[in-house]
Amino acid sequence: MYSFRNDYSEGAHPKVLQALVDTDLEQTCGYGLDPYCLAAADLIRDLCAAPEADVHFLVGGTQTNLVTIAATLEPYEAVIAAQTGHVNTHETGAIECTGHKVCTAVAPDGKLTPALVEDVLAGHNGTEHMVLPRLVYISDTTEVGTIYTRKELEALRRCCDDHGLFLFLDGARLGSALTAQGNDLDLPALAALTDAFYIGGTKNGALFGEALVLTKPNAHFRWYMKQRGAILAKGRLLGVQFQALLEDGLYFDIARHANAMAIKLRDGIAAMGYPFPVVSPSNQQFPVLPNETIRKLQDMSYGFESDHPVDPDHTCIRLVTSWSTPENAVEDFLQDLSKC
Amino acid sequence: MYSFRNDYSEGAHPKVLQALVDTDLEQTCGYGLDPYCLAAADLIRDLCAAPEADVHFLVGGTQTNLVTIAATLEPYEAVIAAQTGHVNTHETGAIECTGHKVCTAVAPDGKLTPALVEDVLAGHNGTEHMVLPRLVYISDTTEVGTIYTRKELEALRRCCDDHGLFLFLDGARLGSALTAQGNDLDLPALAALTDAFYIGGTKNGALFGEALVLTKPNAHFRWYMKQRGAILAKGRLLGVQFQALLEDGLYFDIARHANAMAIKLRDGIAAMGYPFPVVSPSNQQFPVLPNETIRKLQDMSYGFESDHPVDPDHTCIRLVTSWSTPENAVEDFLQDLSKC
Amino acid sequence: MYSFRNDYSEGAHPKVLQALVDTDLEQTCGYGLDPYCLAAADLIRDLCAAPEADVHFLVGGTQTNLVTIAATLEPYEAVIAAQTGHVNTHETGAIECTGHKVCTAVAPDGKLTPALVEDVLAGHNGTEHMVLPRLVYISDTTEVGTIYTRKELEALRRCCDDHGLFLFLDGARLGSALTAQGNDLDLPALAALTDAFYIGGTKNGALFGEALVLTKPNAHFRWYMKQRGAILAKGRLLGVQFQALLEDGLYFDIARHANAMAIKLRDGIAAMGYPFPVVSPSNQQFPVLPNETIRKLQDMSYGFESDHPVDPDHTCIRLVTSWSTPENAVEDFLQDLSKC
Amino acid sequence: MYSFRNDYSEGAHPKVLQALVDTDLEQTCGYGLDPYCLAAADLIRDLCAAPEADVHFLVGGTQTNLVTIAATLEPYEAVIAAQTGHVNTHETGAIECTGHKVCTAVAPDGKLTPALVEDVLAGHNGTEHMVLPRLVYISDTTEVGTIYTRKELEALRRCCDDHGLFLFLDGARLGSALTAQGNDLDLPALAALTDAFYIGGTKNGALFGEALVLTKPNAHFRWYMKQRGAILAKGRLLGVQFQALLEDGLYFDIARHANAMAIKLRDGIAAMGYPFPVVSPSNQQFPVLPNETIRKLQDMSYGFESDHPVDPDHTCIRLVTSWSTPENAVEDFLQDLSKC
């Protein structure tokens, strides 16, 4: 039975893995300064229409978040995030461990807005007795599967400009976001509207890897990476993978597939009358099911995570699809669910 | 022309890569809790004759060093290391970045001894005005290519026991150490004599990865890993690789090859009369060559690093071999050197 | 015109200052190991009926909070505090700067309850992907002037015992709390019910100083203090002051005066019909006044802080009394307010 | 019997204490923004001929060192200090606790030179794999009692300019340095030649306090202070004391006395034939005495610290004088020593 537990249950897309096989015995210099990383960075700058941007390749999302935030903020500056933000909830205090407070706003759909950002600012008086909120952390897709529109991101950009804030977009699931129904953002828009964002590979076709785009380069970023153990010795593994993913659009093709599978799940489950507290157009779906039904699905060995209890008898679960989710796994799941 | 710059110039040993290919589309849970990691951990416990040990898989050496040290020390405790120790010199202050001082001893052969450790202790008065040195950091092979003997490690263990110190061995090049001429240590000895050590994969056949063995388990070690961005989402990639390396001795076979290539280099260079300040039995060799000769080798596109200048006309260089160094690359180098 | 801005506008109570004058030229050893500190610590243990407790003297509140929390928590553990808690709002991220997250609960009266603590715990799943909330931070009086009853503190203690939590009480304004109307706590109760608390001197009669009582001694607490720059060289200044404050009840007598002045303010203002969102029995009072009235009071040079705007025309202000507030200053203020 | 253990055995100079008494009941605003601190800062700017400098008042030396260094360095930058430097040896890793490495040079007389600084720089390759040494930490007087000459400080300044380094002078014993025989530095020279230095009050007449002069102001320095618990609530206590010390030269008069007492000790002891490994013109003297003699002095209840053993029968001790050392205490000591 299939596991919808997450989008990193499998390895890499075969084409990505083949690229690693093909280049395995070549000798290159280490630490991401090799021709593959340089080429992948050039490719990303091209795709982003951001010739001045710096591109750094890191291994995982928490690592990318903590290094970027530590490299951006002064010690007395803080992050603004949605209460559901990954850096706030699921990184074991990694940001605080670098010395920075995460100030949160309640955002039921997982998305920050200028009003929410300004609420946080209003709660800080600008004196030396309080932190100075300075970096706005958002995720696209968000932790609840929603996506930002261009208009929403433009509004956040203006808000950040008005208040001297740095806008950082966690793109662990950026492939899913940029190919979701209703999306009108693309890489050039992200490069134009954020100060930093990343193209998540781990959750969309790579063995591992996040390609961080700094639209405002930081001359010492690699020092921060090294200091946090975040420079991969055989750095070219990251360049090779991102080249394979991005050179001909594979990254977006497979994300589109993941979304299609998720929408098929969503529509099928909704058709059975189960509610979805938040409408997600992306590869994470959060239906509310009776606990009894959940137990039956688990007995059939379907894998998924419980997100939160809704009432004593119902739980909101999380179903995640990926580039590798077979359509018949979705169909089987829907059929089995309909029988519960 | 071949690069002797380091032992992470290539990708993975073909058998290791094949194991990744073979398992690529399987679904497993994430974060290193999958069957491959569990099996690899069991295998390592068996090989170490350490049934009670905890095994954790991390991506790289600096990451492993900083997480282990941060997880072991109280905020007021410090590391004792040789001045040449990797954590002291080549990790951009990663240990200090976790809040801990590194106290150093001058050790020309890169090896700490009980006398050197006790010198450091003697410089600290045990009061609240000074740090308490508490973790002894050693590397095998050392940063200058030397290895510890069983007798030396036993003496350090006794010293640590006498003073309540934690003994941590950086095994980034452990394969080379355990297969070097003169070595009389093995995995069970390391597990018996240290509190923590790691089996380095990055520099001996893996794409990446270090297998950390905690002979004194730390119940919250995974919290430290996560907090530092050091839990790999697709953790099974580490388990799969270490299983492939260790299940039938491949790890040691290929390390033996790396050493043999290094000894061939060493003996050939020494036969031409070039001196070696430190005698290394392992895969790093440090001959002193005339600068003129070095330039000629570089012109021929041989790759290697300059370690340190010896006098205005001579430089100590570093030559590193690996599991993938072809014998004819060594022979070509020697022949070309003899012509310089 | 008098300043009701805070309770540290003046220096020390004359008796405290005289004790400093009287002992000025004596020679003692430094760093708080002198006879005055030892005697003051003994006196505090006696007053607390806590013969096993450790007592440490620190200079200020933020310093005491950050050292105590850093000394108590493991790196992956977090604080639970009311959203209004001083460590959350007014210490410039001092706790996060030591690496720890502060998890907050909304508590309109500034007081944590077992239910609020358990809400925070319920939001954490106990895995390595989230911090482990472990230290409950409360203040008495709270930041909004309220106080804990014995029953409330006992309930928190039970809650902490049930969940393995450490209970730390910020006593920057403990004198005011323990002498407020409705208080039924005393020093022995605090020592019995908390794991650590402090007797604030800065805001009640001393030039500076907080006496921290650790009912569960931490053998290396002085290392944490020193490492954070929190051991005063002439430590005896702290011992001398606390002895003067505590040896004959001066500490409580002057706190009682501060409270009486505050209640006089409160009753007088309430009699004029101005509302108080939270009822405070202690030396901080938070009436809501028309902005026009506030401007008039400021024009008369009364000093006080604006706490928060209530609506476009009204603001909640903070009035603070101290051991040195003269009764006629209160009477003048009330009379002047009645004219506005 | 007198204690020569340190220069913070007594309280404040009577004039300083009187100033605290005289101002005790005045109301001022808190946190060092009061008229006394403003006036003292102006006075210091005048005395330093540094109208653009920022002056901050902190409570103690370790606090001042750690806040200044944390506020100056980027996370990947390091301190250069003499191995005997206070920040390296006697602050319990306070600098590392803020995340920064301290790189050391062996300087038998406690003084850094351009050559020593450049040796440290030469050991760092400027890549992202090593820290970037960036702040030169020196002390005047040094930890072994020596002082810098103008020529030496000018040479260090040029060295710092050549290499883009920040020069920070720990002036915990600056009074003694600037009044020592052979000194040719003064406050304007220090302000002109360093980027930051402090005028130590704790060890020269104040109850506590260090006046930090930032010749290159840091707009957020108070944020760093607050975050580290280093803003004193009743900040005016610092302003009042420094005004009393500096307004009419008391600071230098009493330092001169301390030095005179030290030189009397030195000359008397030297006349008896006891050696001094380092010649100190300041208020710390380090004679080598037979252990037997030391025991006799201790039996007579003289207080002093053992600095380090010289051989099995001799120990180098430290004798410290202060503004309050009576001449007859010195005479008694010399007489008693002559009898041993």
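Each chain carries a letter (A, B, C and D) given by its place in the written order, and its residues are counted from 1.
The criterion applied here is as follows: a contact is a pair of C-beta atoms (placed from the backbone, for glycine too) under 8 Å apart; a residue touches a chain by one contact, two chains touch by 3 or more.
The model shown is predicted, which means the values in this text are computed figures rather than measured ones.
Novice: Any idea if chain A and chain B meet via the same residues, over half in common, or different ones?
Specialist: Result for this pair: same.
Novice: Suppose chain centres are the mean of their C-alpha atoms. Which chain sits farthest from chain B?
Specialist: Taking each chain's C-alpha mean as its centre, the farthest from chain B is C.
Novice: Which integer distance in Å separates the CA centroid of chain B from that of chain D?
Specialist: 42
Novice: Can you work out the whole-Å distance between the CA centroids of chain C and chain D?
Specialist: From the centre of chain C to the centre of chain D is 33 Å.
Novice: With chain centres defined as C-alpha means, what is the inter-centre distance between chain A and chain D in Å?
Specialist: Averaging C-alpha atoms per chain gives centres 51 Å apart.
Novice: Identify all positions of chain D at which a residue touches two or more other chains, and write them in rising order.
Specialist: In chain D, the residues touching two or more other chains are 75-76, 91-93, 97, 99, 128-129, 223, 226-227, 231.
Novice: Mind listing the chain D positions that touch chain B in their complex?
Specialist: Residue positions touching the partner: 75-76, 78, 89-93, 96-97, 99-102, 128-131.
Novice: For chain D, which residues are in contact with chain C within the complex?
Specialist: 2-3, 5-6, 8-12, 14, 17, 20-21, 23-30, 59-67, 91-94, 97, 202-203, 207-208, 223, 226-234, 237, 303, 324
Novice: Under the definition above, what is the set of chain C residues touching chain B in their complex?
Specialist: 70, 74-76, 99, 128-129, 132, 220, 222-227, 231
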